[in-house]
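Just so it is clear, A, B, C, D and E label the chains in written order, and each chain counts residues from 1 on its own.
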Amino acid sequence: MTQIQPELTEDIKKYGAFDFTACYNCGNCTAVCNLTEKNSNFPRMMVRYSMLGLKEEILSSKELWMCYACGECSDTCPREAGPGVLMSNLRRYAIANYEKTGLTRLMFKNNPFFIAITLILAVVLAFFLLTIKPDTEVARWLFRYVPYEVLHSFGMGAFALMGLSAFVGVVVMWRHIGKEKKIAFTGEFFKKAVNAAKKVIGEVATLKRYQNCDSDSSIWSKKAVWLRPWFVHWTIMWGFIGLLVATTLDFIFKDPATTIWWPSRILGTIAGILMVYGSTVALNYRFRKITKTYANTLMADWMFLGFLWLAGITGFWLEIAVAMGADLFINHVVLMIHIIISMELVILFAFSKFAHAFYRPLALFMHNL
Amino acid sequence: MEIQQETCINESLYDVLVIGAGIAGEESALKLADMGYRVLLVEKEPSIGGKMILLSKVFPTLDCAACITTPKVSETARHPNITILTLTEVEEIVRDTKNRFSVTLKKKPRYVVEKDCTGCQECEKACPAIVNDQFQFNLTARKAVYIPFTIANPRVALIDIDNCLLCGACEKACPSNCIDFTQKEEQLKITAKSVIVSTGFKLFDPIQIERYGFGRYKNVITSMQMERQLAPTRPFNNILRPSDGKVPDKIAYVFCAGSRDHTVGNPICSQVCCMYSTKQAQLLMGALPMADVSLYYINIRAFGKGFDEFYEQAKDMGAKYVKGKIASITEKENGNLILRYEDIATGKVTEKEHDLVVLSVGILANPGITRVFKKERLETDALNYIRQTDLLQSPAITSIEGVFAAGTATAPMDIPDTIMSAGAAATETSSYLARLS
Amino acid sequence: MEAKQKTIDIIKQTRKAAPEAFEARKLYLKMRKAIAEALKDEPKTIPQVAEATNIPIGEATYYMMAMLKFGELSVNGIDDMDEYYFYELKKA
Amino acid sequence: MKKKIGVYVCHCGGNISDHVDIEKVKAAVRDEADVYLVKNTLFACADSSQKEIGSDIENEHLDAIVVASCSPKLHLNTFRGVAQRAGLNPYNYVQVNIREQSSWAHSDNKTGATEKAILLVKAGIAKAKESEALQSLKIPAANVVAVIGAGVGGMKTAIGLADMGTEVYLIEKDFFVGGRTPQWGTVSPNGDEGAILTEKLYKEVVRRPNITLFTGAELVEKSGSIGNFDLKIALRPRFVSGNPSTEAMQRAAEACPVAVKDDFNFGLTNRRAFMLPAQGQFPQVPAIDQSACTRCGECTAACHEVDLTQEVQTITLHVGAFVVNTGFDPYQPAQGEYGYGELDNVITLPQFRRLMEMNESELVFNGKKIKKIAYIYCVGSRQDDDEGNTYCSRYCCTATSLTAVLAKKKFGNIINFHFNRGIRTYGKHELVYEAASKQGDIFLQFSLKSIPQIEKRGNKTYVKVKDILTAGKELETEADLIVLVTGMVPRKNELLAQQLKIPTGRDHFFNEIHMKLRPVETVIDGVLIAGTCQSPKNILETVNSSMAAAAKINSVLTKGELSLEPTLAKVNPAACDWCDNCSKACPFDAILQTEINGKKVARVNESNCKGCGMCTPVCPTDAIDLAGYTNAQVESMIDALAEA
Amino acid sequence: MPKILVFSTEKISDPAIDLAGLLKKHYPYTVYTISVPCSSCIKPRWIMHAYEKGFDGVFIAADGSDCSYGESCSDRTAEVVATTHRLMKEKGLKPSQLKMAAICSVCAEPFVKHITSFMKDLSQKEN
């Protein structure tokens, strides 16, 4: 016997979906979606859970993570209940519930708080960075005001913090979905796990399911591949991963900001181009509200995309500056911005929309078990 | 002689002008004529009887629509107090003196002398021009000179001049010499003390819902097309699917095609589709005993007298009702169709194959008539139906004094409700006329 | 009476028939000829006619139903599967 | 027997003459006995032909004519008109259909078609020979209508009729008019108030001089038939005369020591035997409930208008027709149905509407603040065959959705749970359902096989359901109040049913003759039905049907006389032995028993007879015939057709 | 060729028979129609009279549920048929010589089908 908790509906609405109670349960959304399968039905059942306030059902559903928010369901919903929008916002709801500090919850539900924390973090970072003594030993002019060593250890710290909270979130999610799916660690588990992992990697690499999403849509099927949402998402994702790897390599070899022909620099450049392209197109779609999904852009989306775009743009600025050897004050300012934004991205990774980057693969993995 | 007749009409003063000769218009006209008022009934189509005369049988009694309509139609046509003008549209209505409407009518030429035509159809046989038959909802063809359908009233031919080859064959063939290509569009001016708007509804055009493939997939048809196939005056020799003339054996009904749907701008329920589909299902099961009929619905609106019992009866007969809105239809090579939906009872996405799909299309407002009212505005509601200014107490009253509304001009409704509303409009009009004098 | 017989000539002075109407007529004649040819020897179902004439089956259905309506075809039984009716030319 | 028959055979252009040899037909019938002239004509219906036939009748003194042409459906009335204009009784005209039923039907066989045409014409001549001049019967009719029931529907019928010039007696059983509408409070999404609606209508009713309103009135006797009914009406005493002041009324009510359950509030509160009209009930004059009053006389002191000596009065009325508009009763749940009568927080939807009216800003029931409300739909509707009402009550889905919206709007912090069986907000009512869902109401759907279970645990009530919309998941919620959405049943009125004998359907509602052709008429001529006594309806639909009934009956009575088709049954009293077969066979109550010279025989009430002839085959002595279809006529036609 | 007398009704089945002619749906010409207001008013003696005078079959084109005189029509018509069958038995006539079917006002095709098959039955029996 499951108790209906209507109060929860109000809570869910605070994550951004307002109209889902208009749903009259026709099931159009589920059937119109290209990604629903025989044993995974969404979004209607998620709408239903939200209306009834069935929290456990929401937190333990892998279906939430199988959606790529193409928006077809929202566009064709006869009651304009925005099932696709609800899916996006339920993911926030889930992230906020997996993440145990409560920080995410606050940031998602409370825009001023979100802006405030971003700004405070920026100020703290700036203060921290600026009060440290200049490093004279590193020859490169770029690190005159912000010593590379400091950046290095600071970065390590940020990564560790992010890693820890991500880990906690992952464990929480595993427990919710695992209970629902009754996963047991038997001998067979590992064989299945390998298979599942392969599938997830394949999916992440190609976004094959996401491609299905767009191929049937009345809007996207008419557009060129490089303008379709899956490709935009792919560029942002791989751009970011590429940059992450490049930065990590920089850390490991402790020789950043050298010639652009250095392999990690080449990787960084390509990844940067992808990321800037992707985030530019995505921001453009959201500004133009070209589908219901894009029309429903929340603070977290703007922040996230904006940060990625800024990080990319400032990165290229610096690259050009280094290549030209332009030891100008303005370039130091840009570096400062670049560092702050990148750091914020990493620090907030587990507490923001960004967190879907590890929740989604995990859900897919569990789905394939 | 003809000129005389025209002036006769020109100078006529009618008590009531009824616009639209469907069942609502007929009922109002008949009631008022019985009370002794002079009624002018104007119809833009070549024959009267509206949509109902085209139906097969009617729910929930399953009596044949023609048996019910034709007596009313001929009673209307025969009534000494009713003047009928077919192929006529209202161009302008203006209140001139305080309580009179001066009305301008445009009568399109029939190119056939109505009173001389015997309905022998010799002209049709002779005519070489082939046109889609709109009264069979394009399932088959007709000639350019044609009688709309067998039970049309008046049962008189007309020439579709836009598709006419101007060969003159009909004129040669006509035994009663009634073809007359010299007829011109006429403008008539009449005066009426009151007006009843009974202009009915428009059918939803499912071409708007691309996912259903109507217009692309031949075997996706509208419920009106199925209605014609089930009627005794049907276009085919039996119930056949249009792609290849096969007798269908797995038929699907898609409910709420164009109703309860914000994405097509019609958020309300059309009130009749559930029941007419249920009726068609029963008739299909009778006509094709081997056929499977599945009906995909959101909610069943079986609300009227005897409706729910009728729905239960259809289930008992073997109609499969499936709760779940059809999201999309795709066509297979052999013309069969795959329907994708969420089976709400199980919560699972399901795909089912059918060889004929009927879209239970909804009904929409038909507000064109509001444009003819000059000086005063005939108001409509948010859904473009004529606004009933005193909804609960006097449903027939509109925003213009002396102008009343009957039938589906004000809201979707079924036949009994339409007849009632037409009766109410008659009372309202009669009371108004009594107040005038 | 005499004057009336020529009303077609009067209207011809002011209006021309639409080219589409002639096209439709031509197409119908073509289809009708092909269908009649296919049904010359024996009754056939619509798919059989379509195959024999190479007319797309949907169009064959439409035109055969029109011919049926105009009294040029008649129904002659149904196939073994109770799926397709046979049609034959009506004898004049 | 007619002696001078004129026969006209029509070519119908070539429609007939192409397949029927007209000359042969003429030749074959020319020598028939009593045929005076035979002519052929190119178009019998043409103006010139009509004139020719007319002058033949006049000049040749024809006593019957036969036109052999097309279907009588087309031109029967045309030629009847020709006959009448020429001074021949239209029923001495016979039309023979040799087009649809001969030339066209047998266009493949000219000989056959001709042969058939000849026989058909001969049969027509035979019929003409036997034809009788019939006069359509005219009876005076009172343009007066008794409208029974003064709810919204009855008042609308009365107003409509009065405005069209019909005299109306508006007869209400209760002491107050308004019916169910004032009990509902807000009745539409636009905020229309039931009480205000009835107030407006009541004012309209009293304003019209040609409406006479009787309250506390019941029909006790009825005789006669359409156009002329005689009725006896019993008027129950109100025990209050004149118009007491509001204060006096209040004082008297307070003084009254007898408390009974208040029907207006569906028993949620008590009232006194001294009844005060509620808001929306009219006239605003009190009445004393005779069944509860102990005649203690306490009220007389407080209110001088009280008069306990009043007695039942009987009056007689003469009317032309009835419109029955007796309305509905809310379905009364059985003891224990969803906990009704057992749990103290289970009430019906009408009760809940009263509760909403009685609470100002906070919703309180039995001293407990209400937040979560569970509505259980289809109580008393759509039940199993053997259990009760199988029909859908039509108004409840919309009414409940609207109630939920209004409750939330009025009391704020409300959560509505709708346990339904598929929401049926048809037409524009869909918007009400949408508004309810948009405000966050929770809709749960169950099937008749697994209805919601109500459980009391501690002092909390829970509703449990297998929700179809959540793939059959078992769900449970707490509810502070459970509202049973009860359907409509026809209002009980046995006396009236006895008097008027209107047939009812399986659902016990009154039955119309034909839902589409004659939706407000019953098989009893002159007795019309409207509103919810016919089937569940909302206010708009009730008003429409009530006004439709007004239009129908006014169009019949307005001329002051009724013209009856002369095709009626006729009894031959000499042959009749009164066995009752014919009267049982008659669906229209048109055959009565009468005495002629001491012999019990059947008599046809011509104003009720519809000319169907159902009575004729059942007569064992062949004593009853239908005019125009007598044995002589039909058998002589058969003789003619049987000729080789 | 056998001769059939058809009793049709003015409002319902007669229009169907007219429609059959209008649509040029041919049936044997030895079918003659007498139309009456309602199928429940056909007297058994008329039917018997027809057999006496040489008709081979009688067909009642009944109103069925479309009857405008009310629901009892079908039952009453059935009674007429039952009574007639009794009378026919007495006279040694085969029950199959009397047929009844409900014919709606546009049931032209069913009418022609009924009548042709009736004709077939009658001629087979004669042989």
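The definition used in the following text is that a residue touches a chain if its C-beta (ideal position, glycine included) is under 8 Å from a C-beta of that chain, and two chains touch if they have at least 3 such contacts.
Please read all numbers here as calculations on a predicted model, not as lab measurements.
Least step count on the touch graph, chain A to chain B: 1.
Chains that touch both chain B and chain D are the following: A, E.
Comparing each chain's Cα centroid with the centroid of every protein Cα atom identifies chain B as the most central. Relative to chain B, the chain whose mean Cα position lies farthest away is A.
More C-beta pairs touch across one of B-C and A-D than the other; that pair is B-C. When each chain is reduced to the average of its Cα atoms, A sits farthest from chain C. Per-chain CA centroids place chain C at a distance of 37 Å from chain E. Each chain gets a centre from the mean of its Cα atoms; for chain A and chain E, those two points are 81 Å apart. One finds 51 Å separating the Cα centroids of chain C and chain D.
Shown for chain B are the residues that touch two or more other chains, namely 61, 63, 71, 260, 267, 299, 344, 347.
The residues of chain A that reach two or more other chains are 24-25, 45, 79, listed in rising order.
Multi-chain contact residues of chain C, defined as those touching 2 or more other chains: 71. Chain pairs recorded as touching, per the definition above, are A-B, A-D, B-C, B-D, B-E, D-E.
By the touch rule above, chain B contacts chain D in their complex via residues 31-32, 34-36, 58, 61, 63, 68, 71-72, 74, 78, 118, 120, 175-176, 260, 267-271, 299-309, 312, 323, 344-347, 383, 391-396, 411-413, 415-417, 419-424, 426-428, 430-431, 434-435. Put simply, chain D touches chain E in their complex at residues 71-73, 97, 99-109, 112-113, 115-116, 119-120, 123, 513-514, 517, 523, 567, 585, 587, 610-614, 616-618, 622, 626, 629, 631, 634-635, 637-639, 641-642, 644.
Of all residues in chain E, those touching chain B in their complex are 11-12, 15, 19, 22-23, 65-66, 68, 104-109. Chain B meets chain E in the complex at residues 61-64, 66-67, 70-71, 150-151, 231-233.
Across the complex, chain B is touched by residues 24-32, 36-38, 41, 44-45, 75-80, 218 of chain A.
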